[in-house]
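Structures are listed in the sections that come next.
Shared between the two complexes below is chain A, which has chain B as its partner in the first and chain C in the second.
And now, the complex of A and B:
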């Protein structure tokens, strides 16, 4: 049949395809078996009850896991500046920026204890800031001059490429924290604070810092030029840009347990300038659980949804008792009503 | 973030209030402040995918296997594609999806988004179908429940013909019921015509 068609190849092919399709399949005749669900009172009330039965236990378990987390937050940016001129103090390289803070532990903290620094009013999600980096340069030595996306921190004053370039690296957080518990020094483990995928792939083991923080403006921390970027975990952590203006980043871990009513003494090197833009700084010590850190929202939201679902189910039960309705009763059709509107 | 959700909403079946549910739930659930941009974006996008699957399921009145395959195939394809993209080292998405899927809080957040997004819709839809049904709802209910269709009320002369037509329609529907029966395409139309 196809050979008899005197058409160009494409339209001929189309017609052949059309003729060859099975004209009487169930699909083309719209006769596939179909399931047509009906929202009966039993199904809907059962669904909402089921949501309640599932959600309330999950919510309670989540709340328990969140309450289990012990979290200590110490805001230090205000107290750790002794001068009236905070910006001048923080920018002066000659001032002694050491600051001692004392925290009393209210509940036992089981190791490992995460040590975070927390910044507020710092928009790491700003578009031009987020884009100011060169992933190629970070990954391999052979791309050290791939700096196109790094403005305004792409080249040093002498014209040589900055490694690592870009605003994100330039603004590296550089406060440091030294801990002692009951006057005994406690080590902070700063290994493996970055994602292993970042350390092994995204940051090259043959890329070393060059011309970093050598310009007129110093934005943050210095880097050890003898260590490859893959081992500069503070930098790697910092370059995972935060989604929100208030964020925490992992500084290190304290592997030992800390008992209740122990006294933690922290010596902070208050180097980082958050005073120019009205930001705040805090030190956070936190244990973790399977749900992550301290986060009550999920648990309470689940309990609330479960409770509301139960209430909706109860409301529908009540409605069906007080005002029972027959499914598919044709007397509800407008022209079957005893006093149709259009007859009035 | 809102741009992403809004863009996705325009292409899908998610209503503005549901988009807001996705956004607020994501922000609040991940308010422990350690999340990166890519993580938060992916949680919100996942929420949109989940909501879309449920919205389309609820809006469908007749399921044949192509519908089921397309609705949940889209859902599965989303995860397959993202897990593949997460395995490419040069992309910003590298390992993001693996990390999210291994967190209990991610799945709990997805459940929360679906419940908050779909609960009110389901309740309102049921209420409307049960207590304020339109003609289509009633005819669907008649077909699906095979319920009793006896009419005993007195009718004005002007609407007797409509009632008779309906009686014929319903009588025919009982005799000719099939899995693919369409109540508005009754044989009585042909017999009356």
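And now, the complex of A and C:
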């Protein structure tokens, strides 16, 4: 048993063990066999070539899938306001905010077609904004008065708690879109646009809107007080806050196909104020493929990595041909020599 | 007129720190030179905290990350303050969804500076994960496991003493193997601080058949089998005695009585038994005698005298007591010698002398020292074996042994009385030239000596304990403390007779 006190005990870590004779096993003597890879030129060139062979096809397939996607973007915030005072126009409840936009389809779009609204310069990641909600309140009716974190949109002017409370719900996006293709009205399916886990877990089926948008300031859209929050999918989509100031959120789906050269007419109710802070609004129609939406980054990244690997492999082949190098011999290491130089 | 008796004070009466006082009933105590100005107190420092290279590098990385964290927080706070102030322009909110018109101090546009400062602390806490504070704990766990492996290493286990490696702290595990050179003072360090009496020259005759390590190495290099066989034969014939490796049937077991110069041999052995400052310790159970000596060669001399018939068994303040082998009767006889003066060894004198009075009232001066100073003090009358002794000394030095010359003289009463008066006066003086006066008085007596012979002492076999080959460590041994410009140790004789190892 160890009974000794170390001189530098105050500055060191005290070790106390049963000091028996050392066991002579491979583990305690640190002689376990280990794989020690040997980087010969063949192995290195083969590895880089293999990376290139694997990555470039993946990248090309990804780019092709992304090219299949048809995406139409229509920025409407500038042209849908005719008055000089844009903020006054939006905030005036008496003005007619309807706006008609026409989009010509360049390529056939196979259903279902996703309909998104896109906002720019809108900071849903601001700390004050992102904290201003009460998840307990959204989940269950019995917690309807849990409004501590919802300032400044926690209680209505009468003092009653707001359901749903907080800045996120209060600033719900409230532009609406109506679609016609070749003068025939097309229905937009607004079911199942939110995550199923949100609809079944995070938003309770017994929570109904109360005192919502009843204050002096109205920030966004109204809610149907007869529907529980778990069925208000516009709200659920909006409350999944975006990480960046430029984001898209799903508005609905058009289930039918749209042919090339068809003319899409959209009637937009331009209600949401992005003019105060210099943001923009856009309508996005997009098809999908197995890779998702239109996204070239993955494909280009894979192709770039594969190309770089091929170039490195070629460089090593050239180096090995021009200046070959013999493999090292472990017997030259100083501790492997039979007659070391330092012993005289 | 009554004169008060005076006693001299010399370094011999000083009890240094941690000294042990033995065989003394009472002392008068004087406290001199204590306090914080003493060298030992000034050298008492707190041990520095040991930090390894990995820990110092880790500290640098942590400081770098902390600086980056502060920089990021400062830049973020500045931009936060600017945008918060812009949120309200002429009372009209810009980012209306943040309600800047109804805001707490953390986001208040009218007090953007305070909001920015508070945001700095918020950012520091939010980005605190940037600092890998658990890295220290991980490194500590790794070092603990390394220490366990060090304790279990079979290559660092000493089987004879059943001693495994012992990592006392895990701070400096990765600093192992940093030693590449050992610089050492030769005295005692590499030789285990032990010496063995192996040869001597008495009256011009060399005694001692032992083989030294140097001679054995040279014989092995030349390939001579004779000396090796001789060594193996003689070494197995007797039990080992600490400090005594002497074998010669001509003088052992009392056989020196029948040698031609038995009188010189008797005086030689008596000098070995008397001229020293050892203190005997008798084991009460077994009755054996061991010696406490200031230097190991003094102990070797007294052990040699004991093995050859002159047993030193007691010392008092005024005398030494021996069991002597009487050549006329062939029996052990008790003899006592009154110790009159001791002239101590130091590096300047290179010799030591004692003045004793035997039971018959005769006064003798016994002296031993380096040959360079002893030969010039011998009597100028012709000595038959002076040159032969010098040759023996040279041979011993070539064999790697340390040598001393032994000589004596008989004094008459008048000469001793004159010396005693001068020596005592010099010792009692407190002037600046006290040391010169003492040396001058001693020098009057230490001349016209009669040569007895020389001794040869071998260092212990400690060099074999260094596994220099397997560690790659170079060993550079200096000859003496003076080469290192260090003062000789105050409590031991530093014999300056040096030989190469």
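Assorted remarks:
Definition applied: the second predicted complex is superposed on the first by the 304 of 344 C-alpha atoms of A that agree within 3 Å, B and C clash if a C-alpha of one lies under 4 Å from a C-alpha of the other, contacts with A are read in each partner's own complex, and residues count from 1 in each chain.
The rule is simple: contacts are C-beta pairs under 8 Å (C-beta built on N, C-alpha and C of every residue); 3 or more make two chains touch, one makes a residue touch a chain.
Nothing here was measured: the structure is a model prediction, and the numbers come from that model.
In the superposition on chain A, A:155 makes contact with neither chain B nor chain C.
When the two structures are aligned on the shared chain, A:38 is found in touch with chain B, with no touch to chain C.
Set against each other, chain B and chain C touch different numbers of residues in chain A, with B touching more.
When the two complexes are overlaid on their common chain A, residue A:317 makes contact with neither chain B nor chain C. Shared-chain residue A:201: touches chain B; no touch with chain C.
When both complexes are overlaid on chain A, the residue A:73 reaches neither chain B nor chain C. In the overlay built on the shared chain, the residue A:297 is in contact with chain B alone; chain C does not reach it. With both structures placed on the common chain, the touch criterion links A:30 to chain B and to chain C. By the document's definition of touching, neither partner reaches A:186: not chain B, not chain C.
Common to the chain B-facing and chain C-facing surfaces of chain A are residues 30, 340, 343.
Contact residues on chain A toward chain C in their complex (touch as defined above): 4, 6-9, 11-15, 17, 19-24, 28-30, 122-123, 126-129, 151-153, 167, 170-171, 219, 273, 276-278, 340, 342-343.
Residue ranges of chain C in contact with chain A, taken from their complex: 47, 49-50, 92-99, 102-104, 106-107, 122, 140, 143-144, 147-149, 151-154, 157, 162, 164-171, 468-469, 472, 474. Residues 1, 25, 27-37, 39-41, 61-66, 89-90, 92, 94-95, 99, 103-105, 108-109, 111-112, 115-116, 119, 122-123, 125-126, 129-131, 133, 135, 138-145, 147-149, 151, 153-156, 158-159, 162-163, 166, 170, 179-180 of chain B are the ones touching chain A in the complex.
On the chain A side of its complex with chain B, the touching residues are 27, 30-41, 44, 47-48, 51, 55, 58, 62, 116, 118, 125, 130, 135, 139, 195, 197, 201-202, 240-244, 246-250, 290-295, 297-298, 301-302, 305, 308-309, 312, 316, 319, 323, 325-336, 338, 340, 343.
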